[in-house]
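Residue numbering begins at 1 within each chain, and the chains themselves are lettered A, B and C in the order written.
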Amino acid sequence: MKWKISKHQPGRRRFMRLLGRAMVFAGAALFSVGLMGRRGLAAAIPALAGTNYDWTKHRWGFGVDATRCIGCLRCVEACKTENGVVRDAHHFRTWVERYVYLKGERKPQVDSQSDPGNIAASGSETEFRFDNRYQDAKIDKAFFVPKLCNQCEHPPCVQVCPVGATFRTPDGVVLIDHDYCIGCQYCVQACPYGVRLFNHAHGVTDKCTWCYHRITRGLQPACVEVCPTNARLFGDQNDPESVISKFIRENRTRVLKPEMGTSPNVFYIGLDKEVM
Amino acid sequence: MPKHIVRLIFLIGILGVAIIAARVIFVDKSFGIYGHYRGDAVAEIASDTPIYQGAASCQSCHEERHSMWLKGAHKVVTCETCHGASAKHPTTKPAPVDPRPHARIAAERLDHVKLLIPPDSVKLCTLCHEKMPGRPALQRQIEVSSHTGGQQCIVCHNPHSPKLAAAGVPKAAKPSDVSAGRKKSAACAGCHGAEGLSPNPAWPSLAGQQRGYLDSALQAYKAGKRRDPMMTNLAKDLSEADMTELAAFYAGLRCQSAGTSAAASVVSAGKAKAAACVACHGAEGVSSNPAWPSLAGLQETYLVNALKAYQTGARQDPMMAGLVKGLNDAEIGQLAAYYAGLKCK
Amino acid sequence: MEALVHAAPYTGYVYPNETIIPWGILIVIYPYITGLVAGSFTVATFYHVFGVPRFKPVARFALLTSLAFMLIVPLPLLLHLGHPERALNVILTPHLTSAFAAFGFFAAFYVILVTLEIWFAFREDIVAMAQNQKGLLRRFYRALTLGSDEISETTRAYDAKWLKALAIIGIAGAHGLHGYVGFVFGSLKSREWWGSDLMPAIFLVSAIISGIAILILLYVVTSRFRKTVIDRDCMKGLAYLLWGFLIFAVVLEFLEFANIVYKGREGIETVMALIAGPIWFGVWVLQLGGSVAAFFILTYVIWRGTQDKQLIIGVTVSAVLVLVAVFAMRWNVVIGGQELSKTMQGLLSYTPPIFDREGISAVVIVFTLPFFVLWGLTRLLPPWLSHGRQAQGQIPSITS
């Protein structure tokens, strides 16, 4: 074979060849060190806004009692305001769905505050209200279901982020670094629950953080704060006496799309078979 | 090995070194300290200021409403659920200048914050209380068309304590109340006029005034919450029934506007100032809530005295106290002239 | 701000955020161009690694085609990004669990690899031109020689050896690159229409047929312009290649679809509504119709042993049909997958904007660019074998 021709080399050539190989290996080694170098540094706890918050001591959890939700959408309003979510009918960190089983029908009618009829009822895309379209209909059953980020134990969105702009904190919240996000929207695709949204004006992805700036100060997330019926509750799963621990202990809860293997941390009661 | 291949390998080596150098130079120093992300991002996200500040932040200035709310059926509904976020109230925070997206999004939040006295209580209240399939049975719900009779909810309900019994509004006036009231009004006629039309600019006409307000004013005089050398003495001996009847009598009388002799410019200045009053006292000075007084056509001097009394603390009301705080004498005169000149209904 | 957002109309129930389709037509063109890279590289590989001599006339041109398209591949992605200036973060802090992060590596690796391969394939020409050209061009070629004019039996042996080694790595590189694009979609469990184990294989095979097809088209067109005779043997070889991989591609696509229908998981009615609704034309007419028509034309050509002009026309027409069918397949996957709501209870319909950073106009520009790049490359490094050098064996040839 022709390409084995260089078997007998003068000494200098052999040296050069060795040098070349050494350089390739050294380069490869350095590169992998560069990749890994930042791992293994002491995982200090970040000083959060001058508080003594310790993120290793908490494991936040969220409960939704769908049997209490009245569909007033104050949570959606509060969330948009608290978090600067784009003010239209296509960007939500949290939303509410309405399921209505008309008499004799096996599949429910589903809508959310984004439905054109509901936008007409509220008067604009920046205000939120469910219209009363079913007031004269014959109904088997109907209920509201609040939705928000499930802050999954195994978040597919974090898995697919190419740069590390989204991540899960030790206290159990998936955050987005708006100042590092490249805006590829792969995470938007990867979320099975559709909770990620894209802020076109700023070119970055956005999502529910359970109001991380509030919960680290000891406040409730804005949606929980304004909920008039306690359909939403929030607390520390590490504390056995917290509302969320009791909620999970005292009820038979379920999570959304368990077959996705994401292990959500939003626990529901009062859902029905067709809730997706 | 031929020269060109050696040089090629050398070039590739340089490229590798350049990539490693780029990593060292360009990657954020906090990247990777907790995991595969910029460690500083956590503190940046957590440092956003809360926009919804909670009922406790309202309490310090609005103690009376706060305590009313705590006792009422709406205690599960926090202030900001209806009034909106309080971040810009009472002061506005300066906008941050950091041009990066996170800071800009955080700053944009304040654009949509408005603390409001809900202008349309039907629109607001029905968000929760409109009868609608899907709402749990325990939730109080009304048929909007048949329940309200076209009235605003706050005509009957005090939103801070919505159960009717707690609203300070007497149930209903019976015809017998009116006639009984007429008999008992003899003692009042000297100052307030036989038909409730006061001859003295310092004393208010009572004809056509809100029934709930008249009732609660008498109650306040009797309890000593409101003081007046004449009224305190007179009210002291009145029974609950007396007060209900008197209120019913005066509320049913035909009013007459006291009018004003102030210049048109003073009146229009007063009208501009009155923008802060319309939510409770009505756009034309006629209150929509029986618990709050109508101001249209009241005596100019009486109105001036009342506003000054709120300023000095001689008359007390949590809402009024806050509103009159910044008024000077000229502005009080303008407001009084404006309301005195309005037609009463 | 209004123009920033194009909300898609929908039927049934979709999650509120889904009404903004995240990936538009730019992300249709992205796997399409990547596919052309992989496919044209495959043809070069058949000559450089497998030593199929009939592909010799297009082997070097195929390498240039591959590079020209590869240089443009990042462009649709950059145009799509919300923060293109942060694109280097993918290289600086790649998140190793992300299929997108792999793109940085695959693309960089592949560009270097194919550049090197071209360098070795053209080294003798570069050396010759460094001596013959004048002025700026001379400097350019001199720089390309890395200061070594040495052409001897030894250097030829080295070049051939490196060329072959690179081509072998390139098989993995080019096909890994496109297999990865399939993985980008196939690995998402959130979307029923994408989350298939067959997706990487389907993308790979359809990439190969589209690459062969574009090469056929370019070969025919450039031969026209150069007024040279099309090598009949080479053309026939390309036809065989296209025919074989086309059968493979159609079968794979059918198997994938059969899997979805047969498993009939929750929401299968909505999947059926999708292919009967928003993407029916793309699926049934362009993708299936195009592939089947190309298959029959190629079968006829090969079966009848058609010669000369008829052969060229037949193969060219099927190449065009394949290019259309593969583009439709990309659309049906990328757009179709997003038109099927994650609720599995609703369908969206996407219409690409015309004048927009992510609109049709941008796509037209992006897709025209590789041809200009290719034209430039062929001017700098003429890939066609002339002056009888082919016969003299001056091109590093593969013998094994």
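By definition in this document, contacts are C-beta pairs under 8 Å (C-beta built on N, C-alpha and C of every residue); 3 or more make two chains touch, one makes a residue touch a chain.
This is a predicted model, so every value here is computed, not measured.
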Most central chain, Cα average position: A
Best-connected chain pair, where connection means C-beta pairs in contact: A-B
Of all other chains, the one whose Cα centre sits farthest from chain C: B
Between chain A and chain C, centroid-to-centroid distance (C-alpha), Å: 35
Chain B-chain C separation of Cα centroids, rounded to whole Å: 65
Sites on chain A at which at least two other chains make contact: 6, 35, 164-165, 180-181, 199, 202-204
Numbers and ranges of chain C residues touching at least 2 other chains: 92-93, 95, 154, 158
Where chain B touches two or more other chains, by residue: 1, 5, 12, 19, 23, 27, 31-32, 36
Partner chain C, residues of chain A touching it in the complex: 1-6, 35, 88-92, 95, 97, 110-114, 147, 156, 159-165, 180-186, 188-205, 260-261, 276
Of all residues in chain B, those that touch chain C in their complex: 1-5, 7-8, 11-12, 15, 19, 22-23, 26-27, 31-32, 36
Chain A contact footprint on chain B (complex, rising order): 1, 5-6, 9-10, 12-13, 16-17, 19-20, 23-24, 27-28, 31-52, 54, 76-78, 80-81, 84-85, 100-102, 104-109, 112-113, 127-128, 130-136, 139
In the complex, chain C residues that touch chain B: 88, 91-93, 95, 112, 116, 119, 123, 145-148, 150, 154-155, 158, 162
Residues of chain C that touch chain A when the two form their complex: 1, 4-5, 7, 13-20, 22-23, 77, 80-84, 86-87, 89-90, 92-95, 97-101, 103-104, 153-154, 157-158, 160-161, 164, 184, 187-191, 338, 342-345, 399-400
